[in-house]
Every structure is written in C-alpha cells, then in structure tokens.
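Okay, handing you the structure first.
As written, the chains take the letters A, B, C and D, and residue 1 is the first residue of each chain.
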Amino acid sequence: MADFKKLPFSKGELNTKLADFFKDMLEKKTVDALLAPMVQPKKGVMQTLVTHPSHVEAIDIFAPVVPVNAAKLASSLTSNPSGRKVAMVLRSCEIRALIELVKLKQAHLEDVLLIGMDCLGRYENQDFFKFQEQGNTSEDFIENALAGNTAFNDTDISAACKICEFPVADNVDLRLCIIAAGSGELLIESLTEKGEKALDSSDLSNAGAPKERQNAVQQLTEARINARDLLFKEHRETVNSIDALENEFAKCINCYNCRVACPVCYCKECVFVTDTFRHNGDQYMSWADSRGTLKMPADTIFFHLTRMAHIGLFCVGCGQCSSACPNDINLMPIFRTIAQKTQDRFDYQAGRSVDEPQPLAVFHDDEFIEVTGQVK
Amino acid sequence: MKYQYYPGCSLEGTAIEYNIATQAFMKAMGHKLYEIEDWTCCGASAAESISSLLSLALPARVLALAEKQEKIKDILVPCSACYLNLKKVEVKIQSEPGLLEKLNFLFEDEEISLKGSVKVRHLLDVISTDMGPAQIAARVKEKFENLSIAPYYGCQCLRPYAVFDNPEAPVSMEPLLKAVGADIHPWDMGGKCCGASHMNTKMDVALELVGGILKGAKGADAIVTVCPMCQMNLEAYQKKISRLQGEDLNNSILYLPQLLCLAFGLSEKDVGLDKNLSITAEFRKKAGLT
Amino acid sequence: MHERIGFYICHCGINISYRIRVEEVAEYAATLPGVAVSRDYLFMCSDPGQELIENDIKAYNLNRVVVASCSPRMHEKTFRGACQRAGLNPYNAFHMVCVREHASWVTENEDEATAKAKVLASAGIKRVVFQDPLIPSRFKVNSTTLVVGGGISGMQAALDIGASGFKACLVEKSPTIGGHMLQYDKTFPTLDCAACIGTPKMVEVGQSPNIDLLTYSEVENVSGFIGNFKVTVNHKARYVKSNCTGCGECAKVCPVELPNEWDENIKMRKAIYIPFPQAVPVRYVIDKRSTPPCKLACPAGTNVQGYVQMVKVGNYQQALNLMMERLPLPGVLGRVCPHPCEYECRRAQIDAPVAIRDLKRFAADHANLEDVPLPQVPEIDQKIAVVGSGPAGLTVAYYLRRKGYQVSMFESMEKPGGMLRSGIPDYRLPPAILDQEIDHILSTGITLETNVKFGMDFSLKDLRENGFQAIFLGIGAHVPIKLNIENEDAEGVIDAVPFLYRKNMQNDRTTGRQVVVVGGGNVAMDAARVALRSGAEKVSVVYRRTRKEMPAEEEEIQGAMDEGIEFVNLTGPKKIVVENHRVCGLECIKNELGPADNSGRRRPVPVVGSEYILECDMIIPAIGQKVDLKPILEKAGFETTAWGTLSVNHTTMQTTVPGVFAAGDALIGPATVVEAIAGGHRAVTAIERYLNHEMDLFEQENQGRKTAVEEKNYVPIPANAPRVNREKPVFFETAARRNSFEEVDLGLDEVAAQKEAARCINCGGCCECRLCVEQCRAMAIDHDDTDQQEVIEAGSIIVATGFDALDPTPISQFGYGRYANVFTNLEFERLSNATGPTSGRLLKRDQNNPMVFTEPPASVAILHCIGSRDINYHEYCSRTCCMYALKYAHLLKDKCGHETEIYNFYIDMRCFGKGYEEFYNRVQSEGVHMIRGKASQVTQEDSGLLVVKAEDTLRGKIVHVPVEMVILCTAMEPRADVNKIARTFSITTDKDGFFQEEHPKLAPVSTPSSGVFLAGACQGPKDIPDSVAQAKGAAAECLALSAKGEVEVPPMTSFIDPDICVGCKVCIGLCPYSAIEFDEFRNVSVVNNAVCKGCGSCAGHCPSGAAKIRHFTDKQIFAEIDGLLLN
Amino acid sequence: MSRFEPKIVGFFCNWCTYTAADLAGTSRLSYPANIKIIRMMCSGMVDPKYVIKAFLNGADGVLIGGCWPGDCHYINGNLKARRRVAMLTEILKAYGIEEERFWLRWIAASEGNMLQEVVEEMTEKLKELGLGQLNREKMAG
C-alpha cells in the first residue's frame, strides 16, 4: 500500500528541498551513492553520480532534458556491481528500458533504490540549452506543463514525449510525484518495502494520498494515447512499403548513432560492425553488377530492419534514436509502430514487469498455431 | 437455410414423386430451394462410356451454372446417381491438375466458367447433418407406432465418396426414422447394391441382388430409399422376383422424404404416394393412412 | 582474389542430364568469379569421377571444390573424402549442390531445370568461398549396444553382438522375449516349427554372459550422442523377484483369470503368470493395474476385489482375513453397509454391479474370526484410552492393538457397540453377530469398562493421570431433529432414535395400535418395521415426496412394503391432533412436485386446501438427527463447531487438546458405519505418529501430494461378455415377520455366492489376496514392488520394436468380433500352436461362447490383404500374408484332413523369396482352391455357416462360398506407440508410419540419427529371414563402431565469440541440450563442444552474432542467398 | 509479356523438409522450379537476418520448412522458429511484405507429397500477389 510523505517548498526552493532530502539520505547511509540529474559546472544538466552528501546541491531532477537514456548508465553502474547501495532517480522510459536490461543480465537491481519521477516531457538537448540560457527553471517548466503548456518559444517537448503513455514511473521503490500534488508541495510515494524503509528514515511528515492524482494521471495518459494513435495512423499510412522506408532513411549515413543512443540495443558490438558485414570487394562489385547501382554505404535498410527484429520487442519509445540522429531522421515513429505490432503479437509490453520473460527467450508446444495453420 | 436445387432427369420422370416429396419436405422444414436455371443431364452412367471428358463436362456445366448464384454454396441433390456425378467433378477439379482449365475451355462459348466454389450435397446428408432428428421430431404431428422400417441407402450416396456416413455400415437414416416413431428393421443390407442399370443389361444379376435386399427386409413394414434407381429396382421387380423365388417378397417401398412428410401430417397426395408402385394395404393401415 | 574453385556437374547417368543441359551449366559456372575449372562428367561419384577432382586439385592448384549432383545426404561424404585425399580440409574446401532430387527429378521443363541448376550452382560457388577449415571431434565409443525389442530381430542382433565379445543390453517391454515369431506355429516355406528354431535363441539370449536381458522394461529417455548414449530404462514393477524358480505354484492358487495377450486373448491366464511355458526369463509376473474402483470407493479402503475372489474360489477364511485388515466388524458391515463400492462397480457396464455386500456377509458368516491371523509384533508399553465403543472406537482399539499398543475402552452404556447396538433393529443386525465380533476384538487383549460416562464418571485429567499417553474420543451423541409442528410434545409422540433405543436396549415391546412414521430414510423404515413387529395393527409412513425420491435403500422400502406397511407419499405433516394431551391423529397436507431444488430433487409444494387427518395413536418423527456434543465437551476444554461437532484438524484427527484424537459421528455428524471406520483408520495412523513424534509426516505428505489425475489402467471390460443375472439373497418369509425380530435377510447360499463372485471382472488385475505369497517357497513375491529406473550407457542402439497386427473389427464387412468363426491370422497361429488354447488342434469356436472350441472345420476361407493394399487402411503390401496363407492352407489339410475344403481369396500371389514359389506350387497341388479376387464381405447364415462373397476375376463371376471358418490375413502395421518411440530415439517415420531408414537402398539399417540402427518389421513389413538378415546388418554396424572404438562427430557445432558476447544468457535458456555454460569471470557464455549438437538455437537468436554455428555462418548463408537471387 | 515467375527461397531443415524434398525427387513429384533450397540443420537456426536479406535481395517469397511440433530432431528448435516467424511477420507486414510471402510450414521427412503441394500452393499464391516489392521497383525503374 502506497504511503506518501510530503516535501513542501516555497517558490524557487524545489531543488534545495530535494537536495536536502537526498543529502539526508546519504548522511544517514540509507544509500551510499546517488545518481540523479544535476546542473553541470559548465553548462546543461546531466545524470551525475555523487557519493558524498556535500555534492548533492546541484541537483535538478525535473530539468526537462534527458541527454542520454540513463538505463545505459544504470547498466554501467550495476552490471559489474560495486557492492555499494545507490539511489537512482530515473524517468519512466529509463526505468522500462532498465527492466529489459535486467532481463538481459545487463543490469542488476539488488543494490539499487529505484526512484521514479513524474515526467512531463523533455526538450531536445539544444532546445534545453536555449531554455536554460533564457533563465527558465525547472519549476517554471513544471508549472506551465501542469497547466498543459509544455511549449517554450517555438519549440516543444520531444515528439516521443508527446505520445508517451507512461508519464508516471512504475516498478520503482519511491516515486517523486508532482502531478496533482498540490501547489508548493512534492509528494514522495513509497511503493515497496525497500522504498518504505528509505522513506521512513527521512524526517518528512506523512501525507494522505492525493485525491486528484489518479484522475489527472489518467487524463494525461489518455491525451497522450490519443496523440500516439493519431501519429501511428498517419505514419502507417505513409510509411507502408520498403520504398517508403527507403525514403525515410534516405539521409542515413550508417553512422549507427541510433543504436548507440538506444538504451535497449544492448550488444557490446553491433553485428553490423562485426566481420559478418565486412564484405569483400568482389561482393560489392557483384551486387553492383546485378542491381545496376549500389548505394554506398550499403546495407542501410538491412540494418534498420534487422534492428527492428532485434529490439522491436524491447523498445520503450524513449525517442533517443531520433534525438541522436545527426541527419534528423525521425526514427521514433518507425520503431514505435513496429514495436507496437511485435509486442502486441506476444501480448508483451517492454518494461512492464521484471518477471515477464522476453518473448523470444521462451516457447511452448501449443501456441501460435496460426503461423503455420497446420494441425496434425 | 437456402439450397440450390438440382432435381435431375429422373425426378422429372419416373421419380416425380421423389421430387414432389423432397420439395414438400424442404418446405415443411422451412428451407428454400432455388432450382438451378437451365440445368442439364448429369451424364448418368451413359456419358462415361462415350467420353470420359464428356462425363465430367456435363456435371461441371451444372456446377458452373450454380456458381452464378453466388450467395448459395450448397446444391441439394436428391438423386444418388446425379449426386455422384456432380460430386465427382467437385472432388476431381481439386485433385487433378489442369482439369479445371480443360473444362473451362469447353465452356468458353457459353461464357460460363467453373471455379469450384460450390458444394454438392445429397438430400440424406442435408437431412441428417443440417437438420437432424430433433428438428424432425419437432414437426411430427403423430408418431408412427409399431412401424418397422428397413432403411436402404444404396451405393452411390455412400461410395466412393464417404462424405456423411460409413459406406460399409451406414446408419444416418436411423435417428431420422426413430424421430418419427418408426422402429428400425434389423438388417445389414442397407449399403448393398441394388444392381442399378444392370436391370436392363444383365437382368439375372440385378434380380439376384434385389432379391437379396427384399429377403433381408422380410418382417419390415416398408423399405425407405433415397435414390430413384434403387426405388425403381425394388418396387418394379418385386413381383417378378417373388414369382421366380417362389416366396412372397412384396413390400412397400417409398422415399425417405415421403415417409417423413407423412409423419408431419401431409396427405398421400401431398407426397405423391399415389405414384409409388408398391404400397401395401397393410402399410397404409399401420402408418395410419386411410 | 586468391580463390581457385573447381566446379563439377554430374550427369548421373541420365538422371540429371535428361532434364538439365549439364554442359551449359558447366560453361556458365566457368564464367563465375574464382572458378578455375568447370566440368561435367557422367558419374562424379565413381572412382574416375573422384580421381578427376583429386587430379584437378593438384593440376590447377584448386582450393575449393563444388560438386553439383545428387543430394548431399547421399554423397557429401564421398566428395569430402576426395578433397581430403588431395590434401584439402574438406569442410573448408567442399560444398555440394543438389541438382538431381531438387532439380532434374522435380522439374518438367528442360529450360527451367537448367536455369534452376545454374542458380543453385552459383549459390554453391559463392558459398564455398566463405567456408572455414574444421576438424571433427573424436570421441571414445562405449562398446555396449542397446537393443530395443526382444523379437527375432532383437534377439538375433543381441546374440551376434554377444558372440563378438562385446556387450549387448536387450530391453523388452513384455515379460518374455520371443516376439511375434514365437507366437507362430510353423514357419514358411520350410514348415519348421517356430518354437523349435526360436526357443533355442531365447535360451541363448537368457544365458549369454554378454547379454544383459531386461524384460518388462521400457526405454524412457535417450540422451547423449553416437558412441556415448545415456539411456533411461524403466523396469516396470514385476512383483516377482529374480529368485523366482518358475515352478508355477503361485499361478495354481491365483483366483484371478484374465485373457492371455500372448494367446491373442483366446485363452485365459492367471493374474500371476508367464505368457507361455517356454518364456525367457522363466520368471513370473503379476498383472497389477490401477486400484480397483470398489476399493477406492470404500471409505475404509477394504480390498473388495480380493475377498470377492476368495469367495469365488471358496477360500472364505482368506476372504475374512482380507476384510479384517481394514474392517473390524465384517459381519456387521455385511448386513448394514450402504455399499458405496457397488455404485462404482464396472460390472454394471455389462449388466449389474456385483452384490459385494452380500458376498462380504457370506464370507463373514462362513469363516472363523478366531482363525484370523494377528500380526506378530512386540508388545509396546504405551497406553491408549478409547472412549466410546461405536464403530470408530472399535476400529481404533482393534488396529492399535494389532500394532502392539495397550488399549482400554470406556463405554457409557451397559454394552459396547454404540449406535450399532442402540440404533439398528435386531431383524437387520442380530445382536449375536455384533456380540461375536466385539468379543473377538476384545479377545485380542483390549480391556473394556462399561457404564462409565466421559465428563461425568471420569475426566481427561483422570485418564492422563492413569498413564494414558493418547486418548481417542469416539463419542457420538444423537439428538433428533424436530418436526416443528403443533403439539409435538404430546403423549404418543416419540422420535425414532429413542424409540429404537428402547426397543434395542431395553427390550421394550410396547407400541401404539395405529402408528404413523414421518420420514423416508432408513431410520424411518427401521422405526416402521420395528413398530409392526412390536404389535402395531397398522403402520403408515408419511413422506413428502414420491417413492422415487426416498433416501432409504430400495431393499428396506421393499421389505417394509412386503410386510404391509402403508406408504402415504406426497404428503406432509401439518399438525398433531390431540385429545387429552394424547395423540389421536396427524393432520396432513397433500403435496405436488414443483421444480427441482439444489440437490436436483423436485421440491414438494403443498396443495392448498388438501388437508386431512390421518388417525393414529402414535407418531414417530424420523426426519433426521444431529450430533450435539457441546454440553459434554465444552466443559472439558474442547472446541466445538457451530454444528455441535468436535473441532479437529482433519488431516491429523487431533482435537484442540494435544494428544486427544477423535473420529466418527462426533466429527462429521450422523454418517454411515463404514465412514466411522474410515475415520478410525485415520485416527490410528495419527495416534501412532503422535506417539512416535512423527506428526510432521502429515505436512510432508501434504506437500508431496500429486495434483495430476492419473489415468486409470483397469483391465478392459470384456467385449461381448454374456449377461449374467445378479444373485439375490433369500428373505425370511413375509407372513412370519410380523411378530418376529428374526433376521429378515438370510443371505446367499454357497452356490449363489460363488456364482455371484465369478461375475467380478477383476478391474485391478491382481486382487492382492496374497495367496501366492504363501505358496512361494522361494519367497520371491513382493507385492510392494515399484517401478525402478536405471541409466544405461551404450555406444550404439538398435531399434527392433516390431509391428502390430491390424485389428480388423472396424472393417465390419468381414464380421470379425461378430461371428465366432472369423479368426485373425494371429489367432489362427495360436490355435495351431501346441501351447495355444486347443493344444494345437484346429477347431471351430462355439457360436455362443467364443472361449469354447468344438470341432475341426470342414471348410475354411482364407482372406488375403485385410487392411493391406487398401487405400482405406494401408496402401502397402504386408509382404508375408500370401505365404502364411499358403502355410495355413497346408496346415489345415494336414491337421483336419485332406477332405477339408480350403479357399484362398487373393488379389495377387506374391511368392518372391527363396523356395516360396515352390511352396506355392506344392500347396496348390494339395488341392487348395485359389480364387483371384478380394473377398468383399462375410455374412453368417442362421445355421452359423459363413458365406464369403467375392468376384472371381478370372472367371468374371460373383461367387458365394459357404465355409465353416474364415481366417483374415491382417496387415502388419506400425506399433501403436510408434511416434513416442520415434521421439525417444530422435528418428523419423515414413508415410506409412514405419521407421525411416537413412537410405532405402544404401543405408537400409541406419537412421538419420547417428548411432541408432533399425532391425526387423519396425522398419517395414518383413518376414523372418529378412528380419534376421537386417538384424545381423544392424549388429554389424554397431560392431563396426565398437571395434573402431572411436567416433568422429561432425564439427558443425556452435561457437560463441567471447569478444562479441555480452553475456545476456538468452542462448543458455534456448539450448535444448544445456550445452552452454556461463563463464562468470569473463562474463560470457561458452559452448561445451562435446554436448552441443549444432542445432543453431543459439545462433538463430543471438542479435550480436556472437553465437555462430560452424559451417552455417552468417557469411556463408548470406553468400548462398546472394547466389540464389542475384544473377 | 512472359508470365511472372516468383523467386522463392526455401530454408529447409536437414532432418525433415530437406529430406522431404529429396523424397519428392526420388518419387519424381514435379513442382515449380521457382523454389531454391538452402539447407539448414534446423528451422531454429534460421536467423531473421536471412529472411530479411532474402527479401531485400529480391525474393518474392520465403519458405521455412521445419519438423512438426514434437518431432524436432533437436527437440524444440522448430518452436523457437515459430516465435521468430511470428515476430518477423509483423515487421515485414508493416512494409508491404505480405504474410502470404513468408511461410513457415511443418513438412516431415516422409511428406514429399506435402512439400510438392506447399511449393505449388505458394508459387500460385505469389503469382496472384505479383512481384515482390523490390522487384516491382526494379521493373518500374
């Protein structure tokens, strides 16, 4: 049963109060380290690992930016575990990706206190810098976004965020709630025993369950689902052939940045950069012979289709692929539409639960009879 | 349900009562029949001895005509011989590569073509599979009592295509007869051959076969048939056989839909019983006909 | 570009070149990159063909070779050898392209076939460039061969292996080896006796030091690979140990007779048996099936089948002994048990259930309790108190005493017996019977104190202080359920329970003149019949529904009616009419039946205004009782339930006071005697465990309990079993019953009892009467035997599982199963065999009883091809029928006399073996009629004569041949469990269901699973000489393996590149052989090459391509795809 | 215009469908030459990449042949193949490579006639569907 504590703050004090909360946590040794978005000395906000309480001052959790999907960072911290307890403050997309990585043995949650946060969206990195340069704060963003206005000047939150059905993080120990939390208040919700213990050791006072929250979350989710379905529909109508797909990837230069940015592309080395795809000169020649022309670098569509086959089932829709593309290819809708189809086929949802086996890692005797349509 | 209807030549001539009874029965059961327009002979047994292709083309033409009526896929065929010929085409165009093209080539002039989308159904198949004893029983006015019926199936609705019954030990009529209160005469002649058109060419063979059937039916009040050829052989030659064998083998022979309709309360006239050649007085009495 | 490829396309005589322009393909290949030489040749697989390759490799300095010819499954090895001889690594250098099976033979058009061959060649040439050198692993070969199936093929293979000095392990699922051949009488065409040539082989197998013979065993699982198989064998429980001497004394006393499978079920055997006298091993086996339904239905778990069988054979004492193992009061139960066993009896599926209760009573009445043996156990110095001497208490006391405990009973009434004594009238249960059985129980050394009431005369504390370590409460206190109508307390109203109590215990014989009993249960019947016997002039039973719904037992209702008791049905009591506070009548109201209630019975609905008065001076309500222990027990510190019963843990039977247990009506409310006994048994177990400090066993059992419902393996209900009437007991004359409390049911007489017992169909097989145990001097019998599993290591496997004979019953036109004298070929073999049912005489069967044989037939028809060469059953020819049909003809002439008319109805005669045609001529010359035409039907005339109808195709006539016997030559078909066997050994079946050999011509004994070979009819129908020859071939294959001692395993296994592997472990979960391990240190998955079989489950999934299958790498497949599509 | 001849790539399990193809050959069961077979050891070995590659190389159809469930020579490779095919079908479908172009079929070693039927049926179906996408472009361009 969920328990809530409240963290009141007056205007402009949100980060200070949050810093106090985490500082307390580190001081009391509830955890040994903290991974959370913090303001960088030079510029911007990045996930930052802190082991000493004195360094949490720069915390800025609600800054509307996600420079990298932190599931990858969580993997780095835990796949070869340090043995020290770490609290991680992540967004829903990061947590869902992290759960897939856990299933793939790329991360471990034993020593992690997982803290989710309500996410109202993120700006692309460049846009965030502008946002920050113009003196806007995270609190400003929250205030506007809660009122339904995420836009700033002529830019808005990323396309992926606009259609994200998961503004609230699940499968976490603690949750930082701002949606319908009441003005001047942030609620911290404990969802697990681990979370409860951590929360109990803080000095915060209890709060009742926010009445409007469920409704507000549902409304936001519904709005995003509507936006998602609209986008998917449009996308499927236009990008419905290999030809159309080639059109989408016309600017692709095979830099593989999308796969580097992708939190669930978990291979150490992508098969497309291994020997398998290092072809001989005469192979290229023979392809050119038979096809008339050969676009170089080759295997572009092959790469993207294969990537769909490899991670379509794990895609959490964070949109980092689109953000990472140097040529502004809008990969997000491509991968998300495919992910929806493949995940639905297996009644699977990436990141829904650690206990749900990944579809291609298991199999049964009497299933998918319709694939062959043959019955003995 | 709706069925396309292929009466065939016999039902326009010697077996007119089968036609009358079938139509009356389907009406009583609440099903509509649509007679295939411009149907022709199925080829009977004569076509095959002249040309194998002709023996397929004739029934194929009927199927092609039936396909014009796109919504109704089942063709109801009461005559077992017609049924067999039509069924043969239905099966062969699936299994014999190139046959369909060959047939359609023949039909080019007539601007019809066969796709193979219709299903040929024997009357007995339709009654036992689509309707069943419960529906029959629901329409019975008065159940027969102490009426022993020998169900006779003959060959062609069972062999070689075992669609709805076991050719060696057919039983599909039994629940239907029980539904109208009749007792089943215990015999194992139900699936035996009546000699068919051998009656014209090798009469001694056919008489022997019919004699065996009539002998087996001794003790029954009637034999029920589902084929004009069987009906004809059993009713028209029973006197001769009795004479030859020195044993009274006469019995009432009638079509299945005739008997069922009588139980529904239809009159003898309604089911064409006046056209039958051998309805005994005793049968009339036992069946409650006056 | 350093590739130097040689391309060779084979004409295969004309097999390829008739459809593919091979020269054109060779010319085309020559133009492809890297091809240094391209040729076509007549037979590439021939020696010159191979030499051509070898020479070219040297002459042209080739490093790759592609051969386009037949399927690689045929000659890949051949050409790899050629490459190897020329100094190339064959995996690196060679690739084979299939242009025969996949092109020339399946393509009609020459242009298309040629084009396809070019495409395939191009793909092969592209692929070969990416092949890597591989070196096959070598493994030691375990020199033991596992032979599965102990028929002639299996025996021969095992003997040949044993003769070479290597070991064979022969596994046979039936109790003896021998197989079908040993069922036969003579063998064609030489007519040697099958037993004469077969039994020496059996004996040799049994005695060979090199053959490990495992009969009554089945292979359950096979793992490992060629040279190193691990085979799990299940030894089915045989219940007879290996020290059995085969003397057969056990079978003599066994009461259970079942059809003998070895004799095709036309002869009976005992439940303990050997299939035939020469069986090997000569070790008996007990046919024990699932626990029979009667025993399962008995709450007390009595061995019903056992005592019924004992009655059948007249061993009443043993019957009583068996009952006394679970029932301490057999005579009582034989009279009053509601026999739930009979409701489950499978005999009812033939006619009616066996009269089990009557048989129980019969046995109890005809044997001596004193002679029931008591287990020899040491006395245990622990005291147990049993409070209450009803059935539950008596059960607990008796069975704890049998275990050696010191038991004392305490009874509140004057005499022991509880409700048995107070509640059941004497005419149903004579007190003498009860006394006798209780006396016997007490005689085992149990003390009894009567007239002492728990809670009043003594307490729990008293018992504890007196040293009782466990206490059992078997106290049931019965309280009547009231009618709840006006004037129920009037004089003349007495409830059935106290009414019966007074009659039974106080010898009170007073009653009313006109008595009305209200209710329809057994107690109501008891009360009515007792009232009648006590002198009432008129007794009426008022019941609210109809007789059909009455819960009383049918025989009780019938008894009451016979005695003149009036039944007023569909009537309910409304009010008691009184005069001076005395009953003078019962106001009743008529009911009609309304809709069904929850119990499925139609609910009675009163008819308004139908009230009337039934005159009477005594009313006995008998509508039920309940138990109320609250007043007695709550004081003593026990918890009771809302219903007034004792609260206990239903697994341990322990009350809320530790060490105090309870069972019987005290727990469950009023119930039957046998349920009380069942509860008593549970309490016995619990008390014993309590005293031994083993209560945690309950917990363990609870956890270990299987949830899956096991399929019942009962003896099948005999087909065509004649209906036999159920025996009825004799009843005391009705007229004399009125004033007599003499027992009404006089039981069965001895003839009737034995006849009735013989109706039992022995569902459980062995009836566990244990007479065999007493008989066996060698003490070889162990009824508690269980299946045992053993893992056998073997290097090679021969599957010789044989065939099944087709069951001709579904081919109804031949009348098998309907006409007594239609035989199958195997039945005829058993008939002809000296150990068969007729000791070798060829006799007809009795029309009415197929187990009785009468006289030799004067005429016989032998029908060939039953189920063979028939598209409705099996399209194939069974290959042996023509010849054995001739053999039968000869045997019939020989044994039944030359005048016997024999007709063979055949399609074609197939007499292709050595000496076969000559045998055909010989039999024809003996005067056997040969009719060319398959029989179409067999009918039976009233006289019993069979008429075979067929078309004689040589004469063009239909023939009707009357004969006295028909023999159906049934098809040989695959074993019913062929698919399971195939899966176990990873082999496949052909379209007919027989096991598929690796190649129909060149590898007829091998299978695609290396190290697994085939022998005999499991591979296809064959006769004895062919089976033996194939067995010897299979043995030779295994010996070759064993002799070499080493095996090469194809190197096409998986490999995981540690530089690429990210350690996600998905492949570990996908690997069917657990061949992948995780290296924790390097954080990567690693393939164990010895275990990997190269299926590619890992490589097919691994997204990074770290997992690869050697020889099927991405690069190789990509190149092949390119070759196929980009031309 | 000459009739359209679809190109089909078959990935056949060595133990069943490949053997069935051999059997079809020895039984002289003719079938369209449109199919070209690649020998795999198990249907569970067929990496989705191979199928994608085949389609991108201009195949009009891909047929994977495996053992009937329960009969897999490697116990359950075919069951893994079935899931992969289910997944891949969803992707290909999205880009106009219809389900009818990508078949998984169980064909046992003894089912030479079924192999013939399946290849005939698939060839017919593909003729109805017409050119695969990449070929369509090639023809157009």
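The rule is short, and it goes like this: a residue touches a chain if its C-beta (ideal position, glycine included) is under 8 Å from a C-beta of that chain, and two chains touch if they have at least 3 such contacts.
Computed from a predicted structure; not experimentally measured.
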| item | value |
| --- | --- |
| Farthest chain relative to chain D (centres taken as mean CA coordinates) | B |
| Chain-chain pair with the highest tally of contacting C-beta pairs | C-D |
| Euclidean distance of C-alpha centroids - chain A vs chain D, Å | 38 |
| CA centroid of chain A to CA centroid of chain B, Å | 72 |
| Chain C-chain D separation of Cα centroids, rounded to whole Å | 43 |
| Between chain C and chain A, distance of the C-alpha-averaged centres to the nearest whole Å | 57 |
| Multi-chain contact residues (two or more partners), chain A | 271, 291, 360 |
| In chain C, residues with contacts to at least two other chains | 1070, 1101, 1114, 1118, 1122, 1126 |
| Residue numbers of chain D (touch at least two other chains) | 49, 53, 70, 76, 80, 84 |
| Pairwise touch network: line, ring, star, complete, or other | other |
| Residues on chain C engaged by chain D in the complex (per definition of touch) | 71-73, 98, 100-103, 105-109, 112-113, 115-116, 119-120, 123, 979, 982-983, 986, 988-991, 996, 1000, 1008-1009, 1052, 1070, 1072-1073, 1093-1097, 1099-1101, 1109, 1112, 1114, 1117-1118, 1120-1122, 1124-1126 |
| Residue numbers on chain C that touch chain A, as the complex places them | 1, 33, 1059-1066, 1069-1070, 1083, 1101, 1103-1105, 1113-1115, 1118-1119, 1122, 1126-1127 |
| Contact set on chain A toward chain D in their complex | 236, 239-245, 271, 291, 301-302, 305-306, 308-309, 312-313, 337-338, 341-342, 345-346, 359-360, 363-368, 371-372, 374, 376 |
| Chain A partner contacts - residues on chain D that touch it in the complex | 48-49, 52-53, 55-56, 68-70, 76, 79-80, 82-91, 93-97, 103-106, 133-134, 137-138 |
| Residues on chain A engaged by chain C in the complex (per definition of touch) | 79-80, 104-106, 266-271, 274-276, 282-283, 286-287, 289-291, 310-311, 358, 360-362 |
